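Here is the structure we will look at.
Chain naming follows the written order as A, B, C and D, and within any one chain the residues start at number 1.
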């Protein structure tokens, strides 16, 4: 799904192809989801991220189709800016705030897959360590203490920073999911870790193959 | 208050009626003889708008009036190149890289604005160079940045550097362009004159080339992108006060000189332009840079049929109080100007609407040869377009300063050398921790290097490497280099050293160097000593390019980088572009981890050359003597060897030697790969030209002789590689092997990798937080 | 020109790294009396019509839906000059 | 706890693309009465002592040197509640 200012959309499409599926382009201004089996909201700076990351994109026309579909179980993955949009649209709990160091961070980071039962993480083993790049300026996950406790208790924390906490995220959270596990948001970019030629590893491919097992079934 | 429509425009008619009225030309930076030339061209005094237009078009920045006579050499001495599709004189040069692809690239300075307002100055610098690439018809695919600041610990550097880096990060990241490399260095000469040079590279198919020419009388002129505001028209205030009376002078005094970047609008502008090009809706296009509408209209007109009629009141404004001179001079960002056939205008505007890009038809191409601009129907500009586009040309006096000899006489051979292994070890650690050689992650972690998914190599590799074609592995490599210390000692040789280094960096990835861009950062051209430096640098570059067989395709000149009468070191920054036949076969600089030991080979000849070296500067605060002697023929053979060895799959790693010599290069390769090495400095040299390095570990480790590279070989590649070295006549010396957890120089010293990296990694975070 | 001012601050319980960074910079610069800083946003919304009750209702809605994120932020608003 | 409020806005003549982007989002969302938006910063500075004259002097200096960028921004300040 491309918004004005989406940047990693072609990379997400390439990762989908690498996983063996067919990417379909959805445009922010159009209505309807063209019958796709899953949706990826890519990284970037939708509308420049001028107000708050994702704040303006969540009002795009296509979102009025996406939100009910996601609530009804359609697998949706938000990466970076996509994660921010999903939080702004209240499909995922919490919010992403300014990095603790106040600087944009692009770094390859070790991560731990905390929940390998979601639509997007089935290909991994619980507790598995992967290396995937992070690249964001507002990636610090924040939520009130009650929400954080609920997330931990329900296993809604999908991904955690496994070494240093690079951006001051609460509980080193790098990704969360909704109660049904079909909507997942990640700050790191698995689509940039599908080929060691252009990324630090191929560890990110599992997110894109995971969702196919559900669809094929 | 006067309304916008009532702004008392100084019309052509009024100017003709008041032909003798004095004008504030000096305040606008025009010399008396230049003003007299304008009077002669027009046969009357210029209107305020005309004066504004000539003053910006004839500025050093736009007219290249002091540099033109020298830059000619780039064309005159250019080596024959089958790859050049468009050369100097265009927004950016265009190079054929095969398989139907063409690449365009250019580097440009935004030094002064970045000193005044570091974040916005640097951000708009990136925005400007990206539009230059876009104007050629290409999709921008990557950026680089070459930066110089004052002393790393100076308080003003703490203000300027973080702002510059955040500005580049903000704009480039938001545009979705990977940052694949650049430079960062510090020297007292840049305090008050930081250098912010931004490079952009774009890719297109051969047929996609666009021209900045207004042809076809009757064709429409469309201004699109951001609305025009008072940005950067501070200088226009003198015009306002001279011609408009007090009220508007007051508001003019508030005109900002700072431009604010809007990368989101630029991103939309990029996508919009590419769709316009693909639809064949554009016959000519020009980006709006420093001199805004003045420059775009005159250059388009002068390069085409010569005539254009523009209605300035049709320019979409952000501030309704702007009058004609300010509209002409405004440096508002994110704007482009296109020439469109009348029958295609509706389609053109529809594409703009799709991308939410504001567009307005502001005029027509004419066949008159004159640039005529009206303001609510009244002519306010009526000039022969070519006279503004072709500014004055000066042959400025130049003189080699006497101090140059004293500098050369201050030979670093006299400096005390480190005693024994412990001393060499300490100097290596000092070099690695010095701000200019320290780990740059504090800066480069703020740049997105992954976006677009085609980045194969980026900082801290020798060159950036971008895949262009996924099926074939075709790609491009890019590096920029410049060494102000070498150039201060000898601008001719220093510029060739910069060229050689960028060329070698590109070659180290296995790419074949193809073309050159350059940004020439110097002091005042009115100082004969600076002008001598400039002339020497240009001559050095043109001669060097001829030897290497790579043409200069474009560039930029930045003069007046000085504080009082003290200029910066002459700092030409040279960018080299290479083509890579298969990016999958690229060695990186990191020693291979997880494999067995790899044989290390040092390529090239090492002489005791310490003039301008990092060792002399860091360990002794010394700058003097002669810079290393470049040997560009040898450089060319080395590049041939590296490309052949990479293509044959013989290289596990390759890293060129530059500042800090062999010692620093080995340390960087160890740290990058997380693997140590053990080297002996007594190995036999295969070439016949130079003696062994045994007995002089100091020179072996820290000399900065040019044309050298260290490579780690794939298992079993030794023989094949040795015969390639013989074939390309490159001296090669086996110096040891990779492996272990430390950098060990046999019989000299050993440093565990942790210790090697500790100071290296800590320096910039400690300085900048 | 009638204007409404919307002020958006992070909720007390949400961590504010910008504010903290500024507070520690204050101390480094010798402003010891600064105990803490919180950074928020301020919007000046220029209106086409008067800042009457209808406008307040509309801008309140705007502040809630667009200008702030209720998950982490609170907002207040007032007409300019009040 | 005594607090000073520092408000930092871009100077009128400086281009504010963020504000423009927000204004056009307002229009898309149906808030047609919004003519323009300018976005700035708001700092709540908590003081150790009273918000007296000495504090005002210090915080004014702080606002000028750290909280705002005088090249492109203006600031105002007041004690909280005033």
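Couple of notes before you dig in:
In the analysis below, a contact is a pair of C-beta atoms (placed from the backbone, for glycine too) under 8 Å apart; a residue touches a chain by one contact, two chains touch by 3 or more.
Computed from a prediction, not measured in an experiment: that's the story for all the values here.
Chain pairs B-D and A-D differ in how many C-beta pairs are in contact, and the one with more is B-D. Per-chain Cα centroids separate chain C from chain D by 9 Å. Mean C-alpha positions place chain B and chain C at a centre distance of 41 Å. If each chain is reduced to the centroid of its CA atoms, chain B and chain D end up 37 Å from each other.
Taking each chain's centre as the average of its CA atoms, chain A and chain D sit 33 Å apart. Multi-chain contact residues of chain C (touching two or more other chains) are listed as 66-67. Multi-chain contact residues of chain A (touching two or more other chains) are listed as 47-48, 50-51, 56, 59. Each of residues 262, 264-265, 356 in chain B touches at least two other chains. Interfaces, counted as pairs of touching chains, are A-B, A-C, A-D, B-D, C-D. Chain contact summary for the complex, chain A toward chain B: residues 4-5, 7-8, 10-11, 14, 43-45, 47-50, 103-107, 133, 135, 137, 189, 191-192, 197-199.
Chain contact summary for the complex, chain D toward chain C: residues 1, 7-9, 19, 22, 25-26, 29, 31-49, 55, 58-59, 61-62, 65-67. By the touch criterion stated above, chain B contacts chain D in their complex at residues 116-117, 120, 229-231, 254-256, 258-262, 264-265, 318-319, 332, 356. If you check the complex, the residues on chain A that touch chain D are 47-48, 50-51, 56, 59. Residues of chain D touching chain B in their complex: 11-17, 20-21, 24, 69, 71-72.
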